[in-house]
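This report concerns only the one structure given below.
To keep things simple, chains are lettered A, B, C, D and E as they appear, and every chain counts its residues starting from 1.
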Amino acid sequence: MPENNWQPRIVAFFCSWCTYTAADLAGVSRLKYAPNIRIIRLMCSGRVDPQFVLEALARGADGVLIGGCHPGDCHYAEGNFKTLRRYQMLRRVLGAMGISEERIRLEWISASEGERVRMVINDLVERIRILGPLDLPGRLAACDAELGASAQALRLPQYRQPAADLREVIHG
Amino acid sequence: MKVKDDQPLRIGFYVCHCGHNIAGVVDCAAVAQYAATLEGVVLSRDYKYMCSSPGQELIREDIRDHNLNRVVVASCSPLLHEHTFRTAVAAGGLNPFLFQMVNIREHDAWVHTDKAAATDKAKALAAAAIRRVARHRPLETTRAPIHPDVLVVGGGISGIHAALTLANAGKKVYLVERDPSIGGHMAQFDKTFPTLDCAACILTPKMSAVRAHKNIVLWTYSEVAKVEGYVGNYTVTVRRKARYVQEELCVGCQECVEACVFKEPKFPDRFNVGLSRRKPIYMPFPQAVPQAVVIDPERCIELKTGKCKKTCLEACADRHAIDFQQKEELVQIHVGSMIVATGYELFDPRRLPHYGYGRYPDVLTTLECERLISSSGPTGGELRLHSGQAPTAVGFVLCAGSRDYKTNRWCSRTCCMHSMKLAQIIRERTGAEVTLFYIDIRAPGKGGEEFYDRALAQGVKFVRGRVAEVSDCPLSPAEQGKLIVRVEDTLAGMVRRIPLDMVVLAVGMEPQANAQEVRRIMNMSCSAEGWFLEKHPKMAPVSTFTDGVFIAGCCQGPKDIPDSIAQAGAAAAEALALIDAGGIDQEPNTAYISEEDCSGCKSCVDLCPYKAIAFDPVKEKASINAALCKGCGVCVAACPSGSIGQNLFEDQEVFEEIEGVLAHA
Amino acid sequence: MKYHYFPGCSLKGLGRAYEESLLPVMERLGVELHEIEDWNCCGATVYMATDQGNACVLGARNMALAEKNGAGDIVAPCNACYLTLNKAKHCLAESSAIRRNVERAMAEAHLTYSGNLAVRHPLDVLVHDVGLEAIRREVVRPLTKLKVAPYYGCQAVRPQCTFDDQWNPTSMDQVLTALGATVVDYPLKTRCCGGSLTGTVPEAGLRLTYILLQEALRRGAEVIATICPLCQFNLDGYHDQIARRWGAVRIPVVYLTQLMGVAFGMAPDALGLKRNFLPAEPLLAMS
Amino acid sequence: MKLTQKIKYDADRTVGFGESVARLPGCEGLPSCIQCGTCSGTCPMSIYMDLSPRQVIGLVRADFKKEALSCNTIWLCSSCYACTVQCPREIGITEIMYALKQRAIREHTFPAGFPIAILAREFTRMVTRKGRITETLLVMKLFLRANWRAALASWWLGLGLIRTGRFVLRQEQIQGHRELATMLAQTKETGEGGAP
Amino acid sequence: MAKPKIGFYWCASCGGCEEAVVDLAEDILAVTAAVDIVFWPVAMDYKKADVTSLPDQALTATFINGAIRTSEQEEMARLLRAKSRYLIAFGACAQLGGIPALANEFSREAILSWVYQDAPTVVNPERVRPAVRTDDDGRTLTLPEFRNVVRTLNQVVEVDYYLPGCPPTPKLIKAAVGALLEGKLPPRGTVLAPDVALCEECPRKKTKPQDLHFTAFKRPHLVPLDPELCLLAQGLVCMGPATRGGCGALCPGANMPCTGCFGPTSRVRDQGAKMLSSLTSAMEAKEVPEVEKVLAGIPDPVGTFYRYGLAGSLLRVNTTAAAAASKEAL
């Protein structure tokens, strides 16, 4: 990975009601922020499956940002509290896996806080710039370089269509 | 839910220039070229305005001519135009949900300046949407019925007008007001600009109409405590505070007030902004609706100690309207939509110590001045100083607390006109010299400029300059005993000291102190300043982000009476449109459980805030009631065996998006 | 409570009565003030206004010298020193150009500036660290009935003051009340005394001083309390000149710390009270 | 009656001047001025100023450098920060005045013999050489350089200071005065004094 | 008709999978009657040459258990892949990485220095370490290379079917072999176990409340366990809801929580993430300090949620270990 022209890549999961709307407001207000973020819209931060975060990191994201409504403001009552708890646990898992906890971030941003969107994104991009590239695909590929030349290293598990129901075969 | 989709993908991709809005920063042609190389894309175009009729027509024609089975549009925020394009896709004969939108305006062109980086970002977002849309399946929208009753929160002029409009259209309206009477701020005004007609003359008939209307249930001295449900089907809990007077039995004769053991009115009267006094039992103001007295539990001896002679009870005699046993009540109602018109609060000028409010008794607010010149006010309409004398020189300090980064940044829009109104009335009634200190006179709107002309013609003096200080420190004999305003007369280019008898601070409007609480209860958003946020500042000015909740009047931002009424009418019309449509299409983003996959672990059941997940004890499986599901996806993310799917937000769809945004380096 | 003490030039010159009263009063309250060794002039607003870069060097040197002696806040009793040191700190934190520049200068003297020390006014320390209760406890001669106009001057509470309200400060009012004095409502409490203009452009500067004195008298004050050596000098030093121009407005002007000393039962001599042009001792002796 | 043209031509502007001031630390608020005049109304010295602070802000913003640098306003500023505290746009007006002072000194446009400028010069000189100010000596120098008559008129002040034991004739000097001078010279050489 | 040829092989594993085959008990006779076992080094004396000499795809099926850690294991996996029509990952280690893959939390160097130097029971003053090649007195000794990370079988070669479990249960093995012999195999890539989570077949299922809220997490050796009540309801981390069924809930039946050896269902990419999500969603705490306090009840989240699945998980390996590995590789 040529470090000199490396640009952080950050995947963001924003809830449709607050943070996504705030990002729209940042746009309408023509606030300027770093272009390293890719926002994915979900209805609620509570929809953020920890798998999404891991998947993003595994596919090459250097950081992940989750944005939801402020505590008490969730449009679905308490979705954001569920997110908070998952996030706290996920941070511990990432830490144990040698990934700086700073690479993932949870922020409460209400629909009116366009300025906060700008501030948070710029700040996160800066922090990740300091941390440097995570480049999980690259690291794993380098790791797999030890495999035999003909090896077709399958870096991620293959995802298969659901199998035919074997219960009969097995229990029957 | 297993999907069979044998057809090969035929994706049409469109990137919108939005005039210069997008094309000025993003190289749209390059994005279109890039998209054309992606799997499944058979057609890729860039176009000036995708949301225009020709733009939508283009999609329709391409679906037919090129046999497209998926459409992606990269343009503005889906919150703005997703519906537009889905409709266009449907008009082309395709299921509207075989569509995905890419936000390259609000999230890209408008927030970045580096063209190469912005174009790269647009490509990545486009790739994500193209991969995602490949997974989309046809979906059907469902229609939820709309309960025809409406709740209006706030009984100021906006709430009154909205309630009457709806009631006149035959809808049942609950009007809930926090104070013991409806009327709001307008009831406190003497005259209204720019026509100078008497506020009471135009407001009182409307207040009476509310009282008399058979379709309006009026609950004063009440607050909304809780809102549950969703558009078309809200359950609202209203807290009806104890008035200690049975409204329906009280005839408003006020004999009890006469008879109260307090011989003299002793407590500050809110209606007169503390300029006059009232008793513990009182009528809020003469024209109050309902015409029923109220007892202040903080002041009433009986309610505080239980040891009063209760002369009021005797006075009420066999009408038995007074009820010391009355308790606060919680009432539940069902409505389909709500109009929030909770109004504003005035800026407290104590926050500007250099203006001397609270230190010098003859420094007043505009509302205090209003009450002093009102014929129903504490002085019967005579403008008097603290000393009892009539002022000979009065000054108005405009923008008191407004347009100031330290207090309120915004312009309250009405203070210029309000001050000019008071200035004219004072000129007319007292002949006093009136000086208006202003930064900019804002008299827009119909009749505004003419009103300014009239003030000038009446000899009101205008000094352009923001007052730096109001003090009582004299530097010359002429200043002895006066309030001295220090200001730069910016047009004359000199600093002046001007001695006055009375200084009126034109305080602006602020969001209500409990606006955040109301916002939470009603599930709305607030702007950074604390005003309730409209769905779109131009296109949806009375809608909120919560379907079925509308806003009117000053709770949305400062405005004058005509604008408040216009907005109240608009909000009522929106509610009517909703009711008369009979139902509302719901976004098909509900979650579902595949019965054969579910292990019955029950992890999801209690996570649902809407109790949409039920557990069947016989089958030992969970299932989701689509009618109750609001589509948050919390259960989907939490299902440990991945057995819950969510329409429009399937795991696979999100995974594709993640891979897509990262596929383009 | 230990602090680095930055007296500033005035407390060694015209304003020595301030130091003479500050040190024993603070000692009585258990506040240790350690004078920064070989401190230099803060540059005052004069230097800051004409050469910001070097003004920051002046400030940084003092703060670096304090840092050498370990942790603790810096106490700067002169309003101008307080403002200037804080401003230098602020500039160093905000501007990388100034920081680079100062670092180069610091390297010349083998000093390091980390910016960790806070610069505080004694008034702040009195109200927030010592506390009114502790002050009240030391009072043996309450200043009962003495009507005092609290005069903060401008630079103690501006422009980025965090210890009190910029428009309407009240901390000195609180200390005076704790001493038993009657505090006069004095709207000019933060109005400029004229600063160095009293010396350079007397017709302009003296007018400001006159207004301050006159208004204090009009409001029934018997004495004005100050917390800045320049304010004290301007308000006390020109009574004759003012009398010649606008008529006599004679009212003694003392340091807050002098009033505290009197209330704590200290001898007027030990508090530098003899250094006033317009004597305040008789008044204080009466109270 | 002598007529003079008051019109300003665009050629009289120093294009970019306003922006260069607005770039300085503390002066960023300059463009947001709404010309309300609060600064002038608040300023205790504005009654003596040939241009009000508001007018100076307006001139700077409109790039009228000569006019802005030659007014007495910037020299009469007593650094009391009242304008800054009161400004509804939170503009660092005092900082802008400083910036203009520094610029005027650099471009030698300040009024000759003006006591404020002389005090500034003597003050900085004394600090640079000795590390501390001896107020009585400074004032004497000022009076000698600016207006010796004023010095004579102030004899009573000197007497008073002697009486109250505050008249100091011995110049204060810090031990590290040479070191300090080198430190201050350092910035002179690099020309990075932070001045506009 | 010639009987189908079958092979068994083990890689990085404990040997339990081999035991599982033996555990077929008398049924093993039926198996051996139906097939020719041509390669099973654990049971009988087979040499590598016995395989290399076979033509490609000569074996109908080979069952490999164990993860891939050494060069030899990789080589054998490739060899057997080439010789077999069906390659079946047998057991959790081959399918998911298994217990050996927990080593992916540490770098190769960290493991070697612990095992050969730092562990308190080691006496190795000369700091001798196994080397791939050792020359001694003209003789050369070679050892397999110890690789940087532990891999699942399908990270090295293509795998046709997976028999999950630590180890796979006799029932599952029988069913798989039966399906193989009858030619009733499901699509390639299938995990030969039900695609429904374990709770479905758990005897404690009925005792789980619908409104379970976690206020603390407990560890099985620290609390007395109720033999009937759902283990999650007792505050234990039971991986059952996130784990494929098919074992008949052996562990919950033996009063121990499920540790997840059957791996996730086909709908899940990362078993640990899913379990984590489910557990934390149902916690009661709403403030960070409180949340942290409850989460502290799971002191080793990787070992808990990825006990068998680390090598096959989305993160696969500790990134610092991966970085160390990539440096070694370069």
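The criterion applied here is as follows: a contact is a pair of C-beta atoms (placed from the backbone, for glycine too) under 8 Å apart; a residue touches a chain by one contact, two chains touch by 3 or more.
Owing to the predicted nature of the structure, the values given are computational and were not obtained by experimental measurement.
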item	value
Contact distance in steps, from chain A to chain D	2
Chain centre separation (chain D, chain E; CA means) in Å	78
Cα-centroid distance, chain B relative to chain C, in whole angstrom	49
Length of the line joining the C-alpha centres of chain A and chain E, rounded to whole Å	28
Between chain C and chain D, centroid-to-centroid distance (C-alpha), Å	22
Where chain D touches two or more other chains at once, by residue number	86
Junction residues of chain C, two or more chains touched	167
Touching two or more other chains - residues of chain B	354, 596-597, 607, 634, 637-638, 651, 655
Pairs of chains satisfying the touch condition	A-B, A-E, B-C, B-D, B-E, C-D
Chain D-touching residues of chain B, taken from the complex the two chains share	354, 399, 403-406, 439-440, 464-469, 486-490, 493-495
Of all residues in chain E, those that touch chain B in their complex	195-200, 205-206, 208-213, 240-242, 245, 264-265, 267-269, 274-275, 277-278, 281-282
Complex interface listing, chain A residues touching chain B	7, 9, 11, 16-18, 20-21, 23-24, 26-28, 30-33, 35, 38-44, 46-52, 55-56, 59-61, 72-73, 75-79, 82, 86, 110-113, 115, 118, 162, 165
Residues of chain D defined as touching chain B within the complex	34-43, 46-47, 52, 54-55, 86, 88-90
Chain C residues within the chain B interface of the complex	165, 167-168, 185, 187-188, 211, 215, 218
